[in-house]
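First subunit A sits with subunit B, and in the next complex the same chain sits with subunit C.
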Partner chain A sequence: MLGIEQIASYLPPLRISNFDRKAEFEIDDNFIDAKIGFRAVSRMEADDTTSTLCEKAYARLEEKVAIDRNALQAVIVVTQNPDANIPHVSAILHGRLGLPEQCACFDISLGCSGYVHGLSIALSFMAANGMSRGLLFTADPYSRIIDPDDKNTALLFGDGATVTLLSDAPMFAPGQFGFGTIGQDSAELRVRDDALYMNGRAIFNFAARHIPKDIKRVLAANSREISDIDSFVFHQGSRYIVETIANALGVPKTKVSFGAAEYGNTVSSSVPMILETEMQANDTNLILVSGFGVGLSWASTVLKRTQVKS
Partner chain B sequence: MSIDVETVRALIGKLDLLPDPSALIADMPLNKQGLDSLDFVNLLFRFEEDYGIKLPDSEVDGVKTINDIVTLVNAKLAGQ
Partner chain C sequence: MLGIEQIASYLPPLRISNFDRKAEFEIDDNFIDAKIGFRAVSRMEADDTTSTLCEKAYARLEEKVAIDRNALQAVIVVTQNPDANIPHVSAILHGRLGLPEQCACFDISLGCSGYVHGLSIALSFMAANGMSRGLLFTADPYSRIIDPDDKNTALLFGDGATVTLLSDAPMFAPGQFGFGTIGQDSAELRVRDDALYMNGRAIFNFAARHIPKDIKRVLAANSREISDIDSFVFHQGSRYIVETIANALGVPKTKVSFGAAEYGNTVSSSVPMILETEMQANDTNLILVSGFGVGLSWASTVLKRTQVKS
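Moving on, here comes the complex of A and B:
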């Protein structure tokens, strides 16, 4: 059985406080804390790139678990902000980490739904090719494309990266997945004139309309009820959307994590950053993960514990 | 089918967006009465879902008050 053995995250130390921008954007403390939920957003260093963020996440992973780099058979990076159009970030990482020639490398172009999509793609690819150890990275430093004067995006998005060690000795393994796309609304979240444009109302409506239904379908596909799930890890788009989805499903607040208050919405990294913490509790056996955003797309699954953390 | 001011107040109460919906003034902008932009988006979304209507951005831009919402939603319901 293949699944998630370990996750490591990297958040750059630089923060921009949203409280410092209250007058500029005509917002108050309650709006920051109770509504968008992000007290600050993380920003990478000037000389950082998507690949260096991934490298730093990988360094954290090696601090947590011993890895034989020569045994790695796949490196997959989820990003829509690569270092350059060519080559793919995973190939850059392959070179920097000194990985073996027989290691497959490719990138996946997805945003906030990318991690959950990536889990399915990576594990399927590894299973189909008899692989037992691979890395799934996420890194989408939106600071490169955000207009700092745009209230709709500047207060929300933070930079960061994660890496997930996928192996045949997993701590958690996924069940059935659910996927979806509303392509006719894809223009509501896109890069326009080299800057990120987001129609906040359209994105809220998309998430509130589709994600609760998708989660119910995924639970049914896994023969689970909401009450069976120990922890719900939703994409950290904002506190408001996380709570809206939780309320629509009737999920107790104690089972829903909002952990991004001090760094913001890290796009495809938001789910694994929360998951990294949630999977450490030995009494957490079933975790529902759901990512949604650019596309407009979504992906969800139920992760089941396969072994107790040592 | 149509809605009125009380319908809007009731939905604001049901969604727990403001503490005393009955005190809301129908012709005063809701943002002047404590409803922030995210709650306003949520309120319009619930009307779309509950009544099976679409409220395009172009028609929502000028909507500020409970009376504005009543007029817009009823126009959409009449057009169904």
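Moving on, here comes the complex of A and C:
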């Protein structure tokens, strides 16, 4: 059985405080703490790129777990902000990390739903091809495409990256997945004239309307109830959307993480950044993960602990 | 069993003749016919985009086979030239084609090896998630990024798109795949200052060195010999590379297609465009497909006919 052996994250140290921008954007403390929930957003260095963020996440992974690079058979990067559109970021990483020739590399273009999609895509690809060790990266530095004067995006998005070691010695393995797309609304969150445009209200309404329904379907597909789940890791779009989804499902606050207050919405990295922490907790045997955003799209699954925590 | 039910291609009618550019690029008829092999390259209309090319390929597919759009469960687009980086092209198509909500959509960033990779990625994702019908598109209009004065690229690349209907009623199904990446050479084929840069000699040497070896490995993995294969569909990088690989393998000329002479190298669409024709032949029961390029990367497999041709 293939699944998640380990996750490592990288958050650049630079932060932009949203409290310093209260006057500019005509917002108050309540908007920052209760509505968006992001006290600051993380920013990569000027010489960082998507691939260097991934490399820094990978360095963290090697601090956590010994990796035989020659045994890696797949490298998959989820991003919509590659270094350049050609080549894919996974090929650049393949070269920098000195990986073996018989290693399949490709990028997946998805946003905030990308990690959960990527788990299914990567694990099914690896299983079908008899692969036992691979890397799933997420890195989508929206600072490259954000208009710093756009209140709808500038206060929300943080830069960061994660890497997940997928292997046949997993700590967690996914059950049934649920996926969805509402392509007719895809223009509500897009790049237009090289800058990110987001209709925040439309995205909120989309998530509030569809994600609780989808999570109920996925729980049913896994023969689980809300009460069976030890931890709910939703995409950290804002504190308000996380709480709205939790309330709609009747999930107790203690089981829902909002961990992005000090760095912002890191797009496809938001779920694995929280999951990295939740995996280490003593009492998490079943974790529901759900990502939603660009597309508009979503993906959810239930992760089950496969090893007794030592 | 999932596999390829049908393929449809779209080539825009506009052609640029390479014979009309002999003086400009200081080339002769022999270079055009014997070396690159492309007498003309196809060009999309000014108002075409990657998504409209895909739509036009899809319209051809619906002419060939009846499709219940509500039964489509996955839409996957292979491209490195999306309409915009956000959202993914598959989401745009999902909206335009009016597909159902519970349909997974994502793009794969790969170049000339993308179709063969995409077959494995799409089929394994669909199988793992219990899906029985999906679409795999390819469209990479390099005319968007080609410097028209660059002899290394302007004479080679044509625009086009394909769509493959993947289903549980396949005409062909893949066996074992082989994949590879040489990321340390990825800069030999990349976008630099918004234009495509290609070190043609390095790409040729890469393909000549690695692809015959890989094909032998893939044949062995499928317990097949060269002589078992009825048709070899190589990426149409140039006539010379197709012939070089065929000669290295000792494949008779009658079994190797070079079909792109009138439209050029259509990147990830090159293999499915030839495969569409080869699938219809009376004597093709085993078809070897191999794509190679951006990454630098490659992917190969053996496709086996699953239905007796009526």
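Please note the rule applied: the second predicted complex is superposed on the first by the 308 of 310 C-alpha atoms of A that agree within 3 Å, B and C clash if a C-alpha of one lies under 4 Å from a C-alpha of the other, contacts with A are read in each partner's own complex, and residues count from 1 in each chain.
What we mean here is this: a contact is a pair of C-beta atoms (placed from the backbone, for glycine too) under 8 Å apart; a residue touches a chain by one contact, two chains touch by 3 or more.
Predicted model only: the values in this text are computed from it and were never measured.
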Discussion item. Applying the document's definition of touch, where does A:186 land relative to subunit B and subunit C: first, second, both, or neither?
Written reply: second
Exercise. May I ask you to decide whether A:23 touches subunit B, subunit C, both, or neither, giving the answer as first, second, both or neither?
Key: neither
Partner touching more residues of subunit A, subunit B vs subunit C, is chain C
Exercise for the section: Give one of first, second, both or neither to describe whether A:93 is in contact with subunit B, with subunit C, with both, or with none. Expected result: second
- Could you say whether A:85 touches subunit B, subunit C, both of them, or neither, answering first, second, both or neither? second
Exercise. Just subunit B (first), just subunit C (second), both, or neither: which does A:66 touch?
Worked result: neither
Which holds for A:208: it touches subunit B only (first), subunit C only (second), both, or neither?
first
In the complex, subunit C touches subunit A at residues 75, 80-82, 84-96, 98-99, 101-111, 114, 117, 120-121, 123-125, 127-129, 145, 176-187, 189-192, 196, 210, 294-297, 299
Within the complex, subunit B is touched by subunit A residues 31, 35-36, 199-202, 204-205, 208-209, 238, 240, 244
Subunit A partner, complex, touching residues on subunit B are 36-38, 41-42, 44-45, 48-49, 57, 60
